[in-house]
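Chain lettering (A, B, C and D) follows the sequence in which the chains are written, and residue indices restart at 1 in each chain.
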Amino acid sequence: MTAIEELKKLPSREKNSYIKEWKGDGRNIVGFTCHYAPKEIFAAAGIFPYRLEARGTKETGLADVYYHRFNCTYSRCILQEGLSGGYAFLDGLCFLNGCEQIRRMYEVWKEHVPTTDYQYMITVPHSIYDEGFEWYKEEIFRFKEDLTNNFATRLTKGDLLASIDVYNESKRLLKELYELRKADNPPISGAEAMKLIFAADIMPREKYNALLKEALKEIRSREGIKDYKARIMVGGSPLDDTQLIEIIESLGGIVVTDTLCGGSRNFQEFIEVEKDGDPLEAIARCYYYSNPCPRMMNQFDSRCEYTEKMAREANVDGTILTKIVFCDNHAVECTMIADELEPKGIPVLSLEREHMLTDVGRVRTRIEAFIERISRR
Amino acid sequence: MFYLGCDVGSMTTKTVILGNKDVVAYDIAANNGNLTKVVETSVNKVVSKAGVSLADIDVKGGTGMGEQYIPFDHSKEGIIKCLAVAVYWIHPHTRTVVDIGGLSTSVISINGHGKVLEYRTSDKCASGSGFFLKLAAQALELKVEDLGNIIIPCGERAHMGTQCAVFGESEIVSHINDGEEPEKIAAGINYSLGSSVATMINRLGGIQDIVATGGVAKNKGVLRAIEEILGMEVITLSSIDEQLVGALGAALCAQQRMQQG
Amino acid sequence: MAEYSDRKDRTITTRWQISGDLAKFILNQDLTHLDDWGGKEAVREILPEHFQKNFDMIQTDLINCILEEKNKQTAIAFAENISKWGEWLHEQLDEGKKVVYHYFIHTIEPLLALDFAPICFEVLSGLTSALYTDGCEEGIDAIEAEGYPDHLCSSNKGAAGYLLKGYIPQPACFLKGSAPCDTSNRVYEWAAHKYKVPLIVVEAPYYMNERAHKFLTEEIKRMIVKLEKIAGKKLDEDKLRHYIQLSNEAVDYLAKIQDLRKHVPCPDTGWHRPADTIFTAQLGTPFARDYFKALYENVKERVDKGQGVIPEGKKEIRLAWGYTWEAFDLPFFNWLENKHGAIYTEDTLTYFPMDTEMIDTTNMETMLAGLGRRMMQMPMARQVMSFSDVWINDFVDISRAYKVDALAIGGHMACKHFWALNKLLSDKVKEKTGVPTLRFEMDMMDKRFTSPSELKRIMDDFFATF
Amino acid sequence: MIYVGCDVGSLSGEAVIIEDNAIVVHEIIRVRPRPEQTALEVTQKALTKAKMSFDDIDYCVSTGYGREKIPFAQSSISEISCHGRGAQWANPSVRTIIDIGGQDAKVIKVDKFGYMVDFVMNDKCAAGTGRFLEGMAKVLGVELEDLAALSSGAASPVSLTKTCTVLSQFEVLYMLNDGIDRTNIAAGINRAMAERVSKLAKRVGIREGVAITGGVAKNFAVVKSLSEVLGLEFVSLGEVDPQIVGALGAALFAKERAEREYEKGGIEVKGVNKKRGNG
C-alpha cells in the first residue's frame, strides 16, 4: 500500500490500525477537542493525542437525550460517538472552553461516558494579550503537571524539545503540501489532500511525518488536474469529513486551500524555543498567539487578513464559508468576513449546513450556482 | 350513568362515551374547517351510537389544544393529566406513557396511583410528529396505515437526515430519485420517527412499563423502532383505540370531579 | 410636564421615559369608574395628548396588570425610576458625555465615576420587549436582515438592530465581560467593528476560585486604564466610593428581598423578577437603589401582615424558574398567581447568592477587589460562566431554601450552554431534592418564538397535573 | 434550431421551446413522483403543442431540483443561473430577480448580460416559500391562485406568529375557528410571505430593475405587499409567464452551449440521445 493510500484510509476510526497498535503496546491515547490543546505535551509524555472527530456519524439520538436541537450537530455528533462507545479506546480526554457547546460537554461526558477515566479542561481567555497569555501559560503548566501525574510519566525538557521538533516537521511538510496545491494544475484534489491533513491528528506524529514525506514525493511526480471550473477555498465551522469537498469537486470546483481549524490553521507558525528558553512557554506562546479562532475577541481583523492572504496565495476564484446551524461563532464570522472580502473581489458563498450533510440536493444547488457564478470570471 | 369525554387535538377530534364500566361509543373525526361543527357532529354521532341524548349526559369533560371549541358546558382538563388518568385506569401497572399525536409527542411518568410525576412534550416544531408521517406517506404514495406495517432490519433502511415536514418530503423524493426502494424509505421514516421518540423517552429518564398512545401508536414500525432502541417492550392498550385515550381521560377526570363534588 | 427629546438617536430611551411618566399618570388617576379595563379607549380619553402615541404602543395587559392593587405601589416605583433614568441619561448626553454600551454582568460604578453615559445593551432589548406590543422585534428583524443568524440571542439582536436603525446614540466604546456566552461576544465584536470604536474586553476566568478572582480584579484595573484613556480623565476614588455605596445599598435591599421571598405565603410578585434585572444592570445609580428600596418596603409590609400575592383561598404553588424569566409578557406572572396560585420564588438569572458581601469601600484596592468579586456573583455570570457545579448547587439550594414545589425551566433558545446542560440540571435537582421540572422552549425577548398564549397553554397543562 | 429548457421543481415542472431567439411554446404541469417522469411529460406536452418531436430538439438543458435526473438533457444548470438569465432576457433592464419556488426562495443579482453575480437562498426553513402559501390556501379551502383575490380589501390583516410552515397552518385553522374573517387571514398570510421574502432580499442588497419570478409571482397580493415592504416597483417580464422563467433561462443556455459546441467543431448537435456532459 502506498503512503497516500495508507493515509487516506485513516480517517475512518475502524480502519485506523495505529489505535490498536499503540494501545497494544500498553501506551495511552488522550483525546482533545480544539486548536488550543498543546499536542506537543501529550506526545512528549509518551501519549498519543487524538483529535475528536465524528466522521460519518449519521444519528444523534443518544446525544439528543442530553444535548438539544439548539446545539450544533458537530457537538452532538461528537457526543454521540462518545455515548455510543466510539471513543472507548481513549484513556483520557482534554477539553477546552473553545465554545459554548463543547465546553459543556466536559460535564456531560464526565457523567455519562464511563470509559474515559481521565478528563481535564484547559481554559483559554477570549482575547489575545500578555496578561491573558500568563493565564493560558499557567493553564498549560498545570495541565502538564496533571497529565504527567495522572499517567505517571516523566517529562523532561529534552522530551519536549524532541516533540516540538516532530510537530514542527509536520508543519513544514503540511506547508509543502499546501504549496503544491497552489499550482495552476494542482497535483492533488482537495478531497484527497484533506484526508492526508486529517490523518495528522489521529495517528502518532513520527509515523505520520514519514508517510507524508513519502506521499509528497508521489504527489510531486503526478501531473496536475486541469479540467476544473473554479479554484475554491473552504472555511468556517469545523469540518472533519470530506463529503462537502467531494460535492464541491464533483461540481467542477477544486478546493486548493482552506482556513479550517483542522486544516491550514494547524501549522501556520513553528514553535521556536530560544537558547535555554522554556519549551513549555514556547508551546503556550505559539498556540495562544498564532492564528486566532473566531471565539477570540478583538481579533476579527487578523482573521480577515489571514483569510484574504490564504485566498490570494492560492489564487482562488471564490471562498465557501460554511456555518453549522446554531454555531454562533462561525455564523457571525462568516457574514462579517463575506462583507469584507466581496468588495475586495473575492466572492464568498456563506453556506449553512449540518455536520452530517442532510438534504444534499439543496446544498449541491447552492454550490453549483456559486461555481457557475465564479467560473465565468 | 354516562360520561362524555371529548379531545379536540390538532388534526382530529376524538369523542367517547363512558358507561359504568367501559367505553360504550366513540368517534374520531378529522379537524376540517369549523371545529365547533366538527365537535358537534362527532358528539352527536357518539350519543346516537350510545342511544342517549346529550341532555341525558350530565358529566362531560373536554381536553386538547382545541378544547375551547367544545360548544357545550364541560369540565376542562389538561391533556397530560387526561392521558395519565386514562392509561392508569385501563392498565394500572403503567409507569410511562408515550403519546405520539398529530403535531406533538408527550412522555409522561406516573406513579402507582396514576399521579403525574414529571413529563416532557416535544418541542415546537412539526418534525417527528404524526404530521410528518402524513406528508411522508403522501410522498411515497402510501396510506399512513400501510406505512406503519413496513418493518425491515436496520442496515437496509434508508437514512432520513431531517424530520422537517417540508424538507423531509424533499429528502424522501431524492431517495426515490436515487432509486431507493419505497419499503426501505418507509422503514427509514418509521425508524427515524421512532428514534426521536425514544430520545424523548430517555430524556425524561426513569422509564419502565411503557404504554404508547395517540394516532402514531398505531404505527407498528415506529413502535418496533422505539423498542429496538430502548431495549424494552412498548405496549398499546388492546381494550381501546390508541387515539381515544385522551378523550377517555377527559371523561374519567370529569367523573372524578363530579364524585369529589 | 417633562421635555421629551425628539432626537432620532434617543427614540428608544425617550419612549421609555414617556412610558414611565404615562404609567405614573395612570396609576395616580382614579380609574374605579372604568370597570372593564379592556376599554383602552376609555383611558385614552383621559390622557394628555402627548401620551397618546406612546400609550397606543404599550401592551394593554401590562396596564391591566399594574392597575391591580397588589402591583400599583411597585409599578409606580418601577415607572418612576425608568423615567428618571431616561431623563438623567439625556442630561448626560446633552452635557456631551460619551456613551458606553456595557454587558449586563458589569456593575457600572467605574463608568459612572468616569462620567460616562452607560447604557446596558441587553436592557435595550429587554425593557422594550416588556413594555410594547411590538416588543423589540423591529431591532431583531433589522439585524437578521443584515444576514446575521436568527439563533443569536434576542437580547443582543434587538439592541444591535436599534444601532443599525439609529434609534440609540452612537457608542464611544463597548464593554464586554467575556462570559458567559459566545453569542454576546460575537455581537459586541460585530458592533465594535461596524462602528469602529474600541471593544474593551474583561476576561472572566472559567473558575470561581481565588485565582480567578485575583485575575478578574486585575482585569478590572486594566479595564479602568482603558476607560480612562477614552474618558480623558483619571478615576476619582471618592466618586467611585460614592457610586459603590449606592450599589451596596441596592444590593443590600436585593438580598433582603430574596430572603423575604422564602416566607410562606410568598410576599413578592413574579413580574418583579424581570424588572429586577433591568436594575441590577444599573447598580450604582440612585435609580436602582430607589427601585429596590421601594420593592423591599412593599415586600416587607406584606410579610409583616402575613400576606401573600395570590388570591384568597388559593393554594400556593411555589415555583422556581430553573433558568430565565421571559420579558415579553410581564402580566404572565400575574396571570400565574391569579389563575394557578403559582408564585415565582427565585430563578438563576436574577439570583444573587445570599452571602453576597458588600463591597469594602476603605480604599481603591478594596473597592476594585470588591467589584471583581461582585462581577463574579452577578446574576447569570455566576451560574453560567464556570463549570456546571456552581449552577447545579444554586438550583439545589434554591429548591430547598424556597420550599419549591416545581422548577419551571424556560430554556432561552440562544443559550447553547444551557441546552447542553438542561438534562444534567434537571436530573441533579431531581436526584438531590426530588423536585420535578417542566422544561420548555422560548425566547426571552421575542414573543414570536413561543407566544404568550402558547406559554399559558403549557402552564395550564402543567398545573392540571398537580 | 430548436432549443429546449426543462425545469423540474419541487411543486411543478415547466418546459420552454425556443427557436430563433423567440419562445415557441411553454408548458407547466404539477410534479409527478419522479423527476424524469415530470420532465418527460411536460416536454412531450410542449413538443406536441408545437407539433414537434424529441428528434427535433437540437440541444436541451435541464434545471431545477431534479435537473440531474433528466435523461434527454445534454447538460444541466442550476435554477439560480437560469432564473437570472431568463428574467434578464424577458426584460433587459432586470438586475435583481426574486424567485419564490416550491421550497426555496432565492434572490439573484445579474449583470447586464443576465449572468448571475450573486444570490442568497432561504436556508434551514421552508418558511416564505411556495409550500407556505400552498399549505395556507389548503387550510383556507381556496385554490392557490385565489389567495390573492380573497385577500383584497382586507381591513386589518392578521399577523402570523409561527414561522414553521406546518405550524402556521394550524395557527390559521384556529384563526378560522375563532371566526376571524378569511379576507384578513388571507391578507395576513400574503403579508407574512412578503416579509419573509423581503428579509432575504435585503440580505443581498437590491439593485434597480427588480423582477419577481416563480409561481408565487402570480399572486398579485404577495407581489403588492412585497413591493410595499421593499419600497419599490417590480419591472414587468412582458409576455413571459413568471413561472417559466427558469425553463426559459435553461433554453437560452441550451442555445448558448449548442453554439459553443459548433465553434469547437464538436459533435453535430442533434443531441437528444447523446450522453449528457457534466455541464
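Basically, contacts are C-beta pairs under 8 Å (C-beta built on N, C-alpha and C of every residue); 3 or more make two chains touch, one makes a residue touch a chain.
These numbers come from a predicted model, not from an experiment.
A.B. asks: What pair of chains is linked by the most C-beta contacts?
C.D. replies: A-C
A.B. asks: Taking each chain's centre as the mean of its CA atoms, which one is most distant from chain A?
C.D. replies: Most distant chain from chain A: B.
A.B. asks: How far is the middle of chain A from the middle of chain D, if each middle is the mean of its Cα atoms, in Å?
C.D. replies: Centre-to-centre distance between chain A and chain D: 40 Å.
A.B. asks: So which bits of chain D are touching at least two other chains?
C.D. replies: Each of 65 in chain D touches at least two other chains.
A.B. asks: At which residue positions does chain A touch at least two other chains?
C.D. replies: Chain A, residues with two or more chain partners: 65, 325, 361-362.
A.B. asks: If I count partner chains per residue in chain C, which residues reach a count of at least 2?
C.D. replies: Answer for chain C, listing residues that touch two or more other chains: 146-147, 423, 441.
A.B. asks: So in the complex, which bits of chain A are touching chain C?
C.D. replies: 65-68, 70-72, 75, 97, 99-101, 103-108, 111, 121, 123, 125-127, 131-132, 135, 294-295, 297-298, 300, 323, 325-326, 328-329, 331-333, 335-336, 338-339, 350
A.B. asks: In the complex formed with chain A, which residues of chain B make contact?
C.D. replies: 123, 125, 159, 161-162, 167, 170-171, 174, 195-196, 198-199, 202-203, 229
A.B. asks: Which residues of chain C touch chain A in their complex?
C.D. replies: Within the complex, chain C touches chain A at residues 146-149, 151-152, 176, 178, 181-183, 185-190, 192-193, 199, 201, 203, 205-207, 215, 218-219, 222, 387-388, 411, 413-417, 419-424, 441.
A.B. asks: Which positions of chain B touch chain D when the two form their complex?
C.D. replies: The touching residues are 10, 31, 33-36, 66, 69, 103, 124-126, 131, 141, 164-167, 170, 173, 176-177.
A.B. asks: Quick one: which bits of chain B touch chain C in the complex? Just the residue numbers, please.
C.D. replies: 65, 77-81, 84, 115-121, 123-124, 203, 205
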